[in-house]
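Both of the next two complexes hold chain A, though its partner changes from chain B to chain C.
Here is the complex of A and B:
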């Protein structure tokens, strides 16, 4: 068991990290917001924490805290501007944010190392920290879902106009959720930066943001563990398919596509479906 | 100098416009975002290249074959992603995730078939001629790109406005239910829309690789992001807006290279998107989006 852990430490860390980010997106998907800001917010947390630990001599804990704060502040500011946009316009505005951050980091050489990235980052992130964070985030999502806020979220997902009309402040709910997910993304970025010893602007772009959203959609939005299962699949599959770069892409695409086509409520619904023998097309 | 940049920006913008018009057409008619368009763009570029290199056909024929092949790839995305999802009444996110997965398959397949190196069109394909107009050097290629872009977009406009089939397409865009009620062949319209949209992406791919002399399996991602930018600039689903937005983006990008340097070129478009969304939440040229929402 211990051997197994050492052999796959890196993969396990990545699984945990991606699951945390997936839960950050899941919070927003619950109120029909598809956010592609994850990459940009992660980049802010990552570069701030690297700068603090490597150039300012901060220890890891305060640097993580600073990254979390920056992530939540940036999300609060961005949210105040873009949360009133609807549907695809919101997704595109958050994507624009991620891309603008990526290009700023590409050009701000003194802090970010430009296109070459930052080398020799101390590896401070431990597996237990990621695991603890994941547990905390899962607990938070569970607690929110089982509170009055969770009921309101479900109502917003069903019919936003009706919830607004009955006197609830939907805008405030969305701002709060977006800020919370920004805090998680900022912290996740800082942990990611201190995991691999190397960070470049390309790590936090469109595909990073897309993967974070993909995980809960793939795993199942209304199942508590759906996001974790989705993240595990998206992290493990590339590792399993290492033998060929080209076939890896093709197979990941194919598996994702098959899941989207045949498991409408996510991979997490698979065991129940097998037990019940339900027809895949029935639950939509 | 300024006029020179204007010409460069216009030819770049023309390529963006061709890509974005196909993108926005699918959105306008079927209300879905097809994220496999970037990969279709890349396949169009490769098909055109292979036709010229192995069959030694002229550029116009290569363009035609690329349009056809890319159109078929567009139809493929309807058949294996969007139609099954629509039958099930799946959430629209599923379409985005599914089409992105298809893009991944197409990119992997291109790496397998064509290799991962950057290649370029044979020298014979490049129109070397250039003319000097009022002190501005206009390359033959830029004229061709602009002309082809205008022809493709105008042909689409004529199809939508003047033909019976165009009327049917616009009926489906108005409401699929209404279209079914009046007996419009909705399934065929969907397939045709995806074909036209894929073909435009492929055409843009050929033009792009001629202008920039580089073809690689990963060329689609940047253009996909540019396409999304133009989509917002022009208003989702607005064909004329996509044409204007594409030209605008090309001009602004080239202008920004002159003003603040090449490093920020890709940020300018997205900065513009953020600014525009903050002041006009449904895009620069939108009119019908307000009605739909």
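Here is the complex of A and C:
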């Protein structure tokens, strides 16, 4: 067991980290917001924490806190601008944000090392920290979903006007959720930066944002563990498909497409479906 | 009697089309006022403006003597203006009680209660559920409290929507075609319900096509045609007004 952990430590860490980010996106998908800002918000947290730990001599804890704060502030600001946009336009605007951040990090050499990236980052992120964060995030999402706020979120996804007419400020709810998910992304970025020795602007681009949204969709939006399962699949699949660089992207795309087409409630619904198949008379 | 709602020279343009032009009337506190008119006469536009879903191009809406035109819909609900919709807006997979609880603001759990699962959360949630069921009882469908709203009959869904509107504790209730799609029995129950709301001191503005209901329950009727107010007064007077008959049946030379 211990051997297994040491052999796959990096993959396990990545699974945990990606699951945390997936939950940040899940929170937003719950109110029909498809955000591609995850990458950009992560980058802010990552570079701030690297700068603080490597150049300002901060210890890891305060640096993580600062990254969380920056992520939430950036999301609050971005949200004030783009949350009024609908559907596709919101997704495009958040993607534009991620791109703007990427281009900034590409050109701000003194802090980010430009295209070459930053080397020799101290490895401060521990597996237990990621696991603890994942547990915390799962708990928070669970607590919110099983409350009046959760009902309100489901109602917003269904019919915003019904929620507005019930006396709730839907825009404020969305801003709060976007800010919360920004905090998680900022923290996630800082943890990601201190996971390997090296960080470059390309680490926090479109693909990163896409994976974070894809994970809950793949795993199932209405199952609490769907996001974690989806993140695990999206992290492990590329590792398993390492034998062929060309086939990797294609197979990941194909698996996702099949899952969305044939398991619209996500991979997490598979056990129950199989059970139902085995006992056709029983209603699961 | 003082006016709870006053519409003063309200106009609404959609591009070049005037959906409402120079509409003025008052709704006395405690009364039931009907707004009738042919399709496209601007009734729903007027409801949208009063409830804050839409803003007027010109004019003033006074609620309890304060101008409220252009204010956000959720803020107006909190202020005491609740509404139902012509096309029912319930969340189908939430239960009837959960739909009603959406508009309950007292008691309401805070973020700390929810995230820390404080003991009082359970108490607040129980109170909310009880209040939601009581509101459903008031519209005579308490027995369906645990049913998903999407499983209810059309008439029952209308009632859930009214219960939800009542949940916010309104002083003014806007009902947009509540009888649409209801059968005769359901309409009679609705009439009793509106009379009961009036007894409880809730002022009601009723947009409706069903003349029996409007004539039977309203103290006063406002008639809109092509965005203009063409008649107003007691049901009997309005029913016999030649302009109203013309608007509904068409003029001789039209």
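Rule of thumb we're sticking to: the second predicted complex is superposed on the first by the 277 of 284 C-alpha atoms of A that agree within 3 Å, B and C clash if a C-alpha of one lies under 4 Å from a C-alpha of the other, contacts with A are read in each partner's own complex, and residues count from 1 in each chain.
In the analysis below, a contact is a pair of C-beta atoms (placed from the backbone, for glycine too) under 8 Å apart; a residue touches a chain by one contact, two chains touch by 3 or more.
The structure presented is a predicted model; accordingly, all values stated were derived computationally and were not measured.
S.K.: One more residue to check, A:214. First (chain B), second (chain C), both or neither?
M.R.: The first partner, chain B, only.
S.K.: Touch test for A:167: chain B only (first), chain C only (second), both, or neither?
M.R.: Once the two structures are laid over each other on A, A:167 reaches chain C alone.
S.K.: Is A:127 contacted by the first partner chain B, the second partner chain C, both or neither?
M.R.: neither
S.K.: More chain A residues touched by chain B or by chain C?
M.R.: B
S.K.: Is A:144 contacted by the first partner chain B, the second partner chain C, both or neither?
M.R.: A:144: touches chain C, not chain B.
S.K.: Should A:196 be classified as contacting the first partner (chain B), the second (chain C), both, or neither?
M.R.: It touches nothing on chain B or chain C.
S.K.: Contacts for A:155 in the overlay, against chain B (first) and chain C (second): which applies, first, second, both or neither?
M.R.: The second partner, chain C, only.
S.K.: What residues on chain A does chain C touch that chain B touches too?
M.R.: After superposing on chain A, no chain A residue contacts both chain B and chain C.
S.K.: Could you please specify the touching residues of chain A with respect to chain B in the complex?
M.R.: Touch residues, chain A against chain B: 29, 34, 81-82, 84-86, 88-89, 92-93, 95-97, 99-100, 103-104, 106-107, 206-207, 210, 213-214, 217-218, 245-250, 252-254, 256-257, 260-261, 264, 281, 284.
S.K.: Considering the complex alone, what residue numbers of chain A touch chain C?
M.R.: 140, 143-144, 147-149, 151-152, 154-155, 158-159, 161-170
S.K.: With touch defined as at the start, can you tell me which chain B residues reach chain A in the complex?
M.R.: Interface residues on the chain B side: 33, 80-81, 84-85, 88-90, 93-94, 96-98, 100-109, 111-112, 221, 225, 228-229, 231-232, 236, 263-264, 266-267, 270-271, 273-274, 277-278, 281-283, 293.
S.K.: If we count contacts the way the header does, which residues on chain C are in touch with chain A in the complex?
M.R.: 51, 53, 72-75, 77-78, 82-83, 85, 89-94, 98-99, 101-103, 105, 108-109, 111, 114-115, 117, 121, 125, 128, 164-165, 167-168
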